[in-house]
Amino acid sequence: MSTQFQGVIPPVVTPRHADGSIDTASLTNVTKHLLDGGVAGLFVLGSSAEVPYMTNAERELVVSTIAEANASAGADAVPLIVGANEQTTNRVIEEAKKVIDLGADAIVVTSMYYAIGNASETETHFRAVRAAVDKPIFAYDVPVRTHFKLPTDLLVRLGRDGVIAGVKDSSGDDVSFRQLVLAAKDIPNFDIFTGHEVVVDGALLGGAQGVVPGLGNVDPRGYRNLFDAAQAGDWAKAASEQDRLADLFEIVYTPNGRVSGGAAGLGAFKTALQLMGIIESNTMSVPMPSLNETETTAIKVILERNGLL
Amino acid sequence: MSTQFQGVIPPVVTPRHADGSIDTASLTNVTKHLLDGGVAGLFVLGSSAEVPYMTNAERELVVSTIAEANASAGADAVPLIVGANEQTTNRVIEEAKKVIDLGADAIVVTSMYYAIGNASETETHFRAVRAAVDKPIFAYDVPVRTHFKLPTDLLVRLGRDGVIAGVKDSSGDDVSFRQLVLAAKDIPNFDIFTGHEVVVDGALLGGAQGVVPGLGNVDPRGYRNLFDAAQAGDWAKAASEQDRLADLFEIVYTPNGRVSGGAAGLGAFKTALQLMGIIESNTMSVPMPSLNETETTAIKVILERNGLL
Amino acid sequence: MSTQFQGVIPPVVTPRHADGSIDTASLTNVTKHLLDGGVAGLFVLGSSAEVPYMTNAERELVVSTIAEANASAGADAVPLIVGANEQTTNRVIEEAKKVIDLGADAIVVTSMYYAIGNASETETHFRAVRAAVDKPIFAYDVPVRTHFKLPTDLLVRLGRDGVIAGVKDSSGDDVSFRQLVLAAKDIPNFDIFTGHEVVVDGALLGGAQGVVPGLGNVDPRGYRNLFDAAQAGDWAKAASEQDRLADLFEIVYTPNGRVSGGAAGLGAFKTALQLMGIIESNTMSVPMPSLNETETTAIKVILERNGLL
Amino acid sequence: MSTQFQGVIPPVVTPRHADGSIDTASLTNVTKHLLDGGVAGLFVLGSSAEVPYMTNAERELVVSTIAEANASAGADAVPLIVGANEQTTNRVIEEAKKVIDLGADAIVVTSMYYAIGNASETETHFRAVRAAVDKPIFAYDVPVRTHFKLPTDLLVRLGRDGVIAGVKDSSGDDVSFRQLVLAAKDIPNFDIFTGHEVVVDGALLGGAQGVVPGLGNVDPRGYRNLFDAAQAGDWAKAASEQDRLADLFEIVYTPNGRVSGGAAGLGAFKTALQLMGIIESNTMSVPMPSLNETETTAIKVILERNGLL
């Protein structure tokens, strides 16, 4: 079954200067680093981009910066899948139109949040967004943030009806993930991505089309190797590459409770990129603290043993 | 202890025309109905206003419409406490500045949502908003939406340091509510409101300064009577008025699972106001369905037995 | 409406010797202390008794020890309401028969736990227990342990059908508590108790028949005074007594995260009773740690400022 | 690394006669069916056995019936891993001793439930059970029932210290599962099993030692084929067998909300076994309803298309 989107599509992090302003030069560097790493697309304004923490002006700056860096890669440019991250339907539609104007090739939409909805309202929500925009829509299933798990039958129905072009799954529910992959098998050009960095081999073995790994910011080539091994049917190699990446993922545990779950993971990715010389500072969005020296040292050790420094 | 804000401060609903556009004439009517009912303030852009579902333009229209209707009441005008409802710190600050320009006398701020924070980031969050705006800030504790319960010790510390002027509690946790009231007793001008319509007598007996009842849109006078009885120490009367209002609150259960929790309660308030001739339509924000004829009939019965029709 | 059970019915703690064995002499002392404090009944084998941690032999020893101490009070003896704490229906029935043989005047039954049920199975569960035993049954709503909130309409239906004689509510949901009290108002001899130590005044104002306070082990007389004030309609005095008891309840926060929620509260009650000379040791059931010297010192301060030492 | 336990170890269901009593003849049939299917062990008194619903006498009857049927297989007999399912430490120890006397080769222990513990008490809990019994202990991670997720670092520490011999993971958290497998890789004779029927290929690819599939009651041979393919490195065949079993797993969704989650899955397994002529009745434990004719017909269709009828 031919698919529109497949492979490694990392959610691009958002570098900031030490004063908190967006660091467009570093963002351009990250984009090039990812393209050089062999990624198949870029997921822009995702959770890993700290999108909930950005002002509207910052969101626009980030999309246009990545779009420009991507365009300058010429033939090596990849599709931009951009988050239209807002609380409810009409706000999502406004946001979607904005990011499409800025160059999005597809948009990513979650279920509502802060609002208290149900499955029926969620269906109306996705159909209303579909009616208002003319780019492919990916449903983003991230109940740890939205506190609503997208039901498998709803996703399949939206897929069959052409409302959504695929799913980015960060639900942490591998059972429903497998069931979605099976149920959606015969929908043309319907692409399912896992958002979980350490179980990509199993997801691909089960039939997923790709992965959106936050850790892919740090090691895009590693995920590309994993994906290529899987495509080639060399599952032992895929699992072994996955095990190495799972070890690399330990960088997110270096803060060990000192900071919030949000700040720990994203802070670790930024700190790694800073150590690798790709971005200038590991500064986080307000109100998140940046990782400190102790944590930076611990991350350095992990990068070194994985050959990234 | 003198307080800045106390009494009945209902969260004003947002009427829409059948076509979905904001109905400013009906909104003006609701505002007058509330002022006539003896309310002590108006909570604008709260959850009951369907604030998460409004576009930015709609939010501005709603605040300015209510501000105008309130101003035209002359000496009977009351303070406007306006929600600065956004995901994270810098977005809240932008929203807060906007609503203050539109006439807010105080703002209401929740902990972050969609973002995954912790107590320490939440403290930074409130302190950053405080540093950026010069109107009183009420912390809004609504874990059913934010999925983060504001810790009592944090609220007390923020109160003592003058960061927040009070708390609107919709946590559903009456134990922590009482402990907050006790712990904050000696903070000057610190006001604590319950958001729960059916336990106001107990909250006032425990020492709360007021109530922000969604149901107060329908029966502001009833809540005023309850509050006055409590102020006068006539607790038997307060409890009896509360029991009557608890019966009136049954309107929110008429959909009985047909629609989401959000649509049921707010839909019932709007349907009641429509039946009472105060607003034109019970139309809900996209993607929420409006209550139907069966539900409207059931609500009519409840309004009638409570003397509101 | 006459009621079978009302007033203060504390859940009796289970003293252990330092070696972990049940300390029957101390248990007899606690029982006398409670009867002297003016309690209206004793809740035996409740959560505060550490019932989940007891072996079957220990449970029998505890019930018979309390029953004997109670009986020796002669005319001052009170009803024993005993927990039949087991995972599912048939196990509850076996347990209920055992405790009735040992002297229970009524039994307390939760919804199932570990098992994954629903409202319909829960209804079958209570009806099956009712069919098997001939003592009054109290439904115990404790979702923090069972992870199932007993629905108000189910409780009312079970009450009307004579399946249950009342409810002990430890749900922490004051809204549904008030709605239950209102909905059950006309059921004869149906008694509703709150299990929350610091909101008893509000619960009684709302129409509850009594309270089952863990803290009542430490200060039964204080709760009796609160109850008597409420009965007399002196709500200002009830609230003031409640505020004092809320301050006393601070003993449960002295461990401040060092031990589990279970061990902190029960450990504090036992430590207070030890300081007051009523029990020999504050030893907890395996695997819970006992409170340490620092915590004991902090508890002493709180007892002293509340006139209990 | 040699391991003590690996392969397919299904949790044996508990057949009941239509009158609710344990059907030992059918239980013997199920046991033979599983041994014939090539299983490597039997998980007795697991959740799939409806263990929470059994009285103590029933538990003993079930263990001894399976032990006898297994023993009569002579050289084909397999190890019995038996659940010691109780609320807390001392109760687990009593239960463990009982099942070891009845023939358990290893026991399965969850964290506490109904009790409110923490990680430290859970560690004490497992160490206390270890000190009291002399058979291998498997930690059973089932937060959907215990509402406590066993932390990876705790499991690894207990493994290294010889307290536990492995883990049965029904946490639904594939990320922590992979991290556990990696972290425990160098612990000798430490075996990790997934309890999730539809993601076994991925779990084995990641390094798990085996699977405890409830669905294995219905199709033990299918799981054996999956396991053998994985052992042989034929991952395409493993995935294809997994896909077929995922389709078979659809039997658990036939009730579609009519009954509780517990009753649906176990009811489906029993109904399938009844249709296959292996057990006499699909009767469930009180208070669970049995699947009805409509559901039975739907299950028949699924069994037929998977070649099991």
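Note that the chains take the letters A, B, C and D in the order they are written out, and that residue 1 is the start of every chain.
FYI, contacts are C-beta pairs under 8 Å (C-beta built on N, C-alpha and C of every residue); 3 or more make two chains touch, one makes a residue touch a chain.
To keep track of the chains, here are their UniProt names: A, B, C, D = 4-hydroxy-tetrahydrodipicolinate synthase.
Since we're looking at a predicted model, the values are computed, not measured.
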| query | Can you name the chains that touch chain A as well as chain D? | reply | none
| remark: Field rot_deg for pair chain B/chain D, CA superposition, rounded to the nearest 5 degrees, holds 180
| said: Suppose you list every residue number at the chain C-chain D interface; are over half of them used by both chains (same) or under half (different)? | reply: same
| If you take the mean of the Cα atoms for each chain, which one ends up farthest from chain C? | A
| said: Can you compute the centre-to-centre distance for chain A and chain C, using the mean CA position of each chain? Integer Å is fine. | reply: 50
| Centroid distance [mean C-alpha coordinates] between chain B and chain A, Å | 36
| note | Shared-interface residues of chain A (touching two or more other chains) are none
| said: Please list each pair of chains that are touching. | reply: A-B, A-D, B-C, C-D
| said: If we count contacts the way the header does, which residues on chain D are in touch with chain A in the complex? | reply: 172-175, 178-179, 182, 196-199, 201-203, 205-207, 233, 235-236, 238-239, 242-243, 246-247
| said: Which residues of chain C touch chain D once you look at their complex with the stated criterion? | reply: 52-56, 85, 87-91, 94, 112-118, 120-122, 124-125, 128, 144-147, 259-263, 285-289
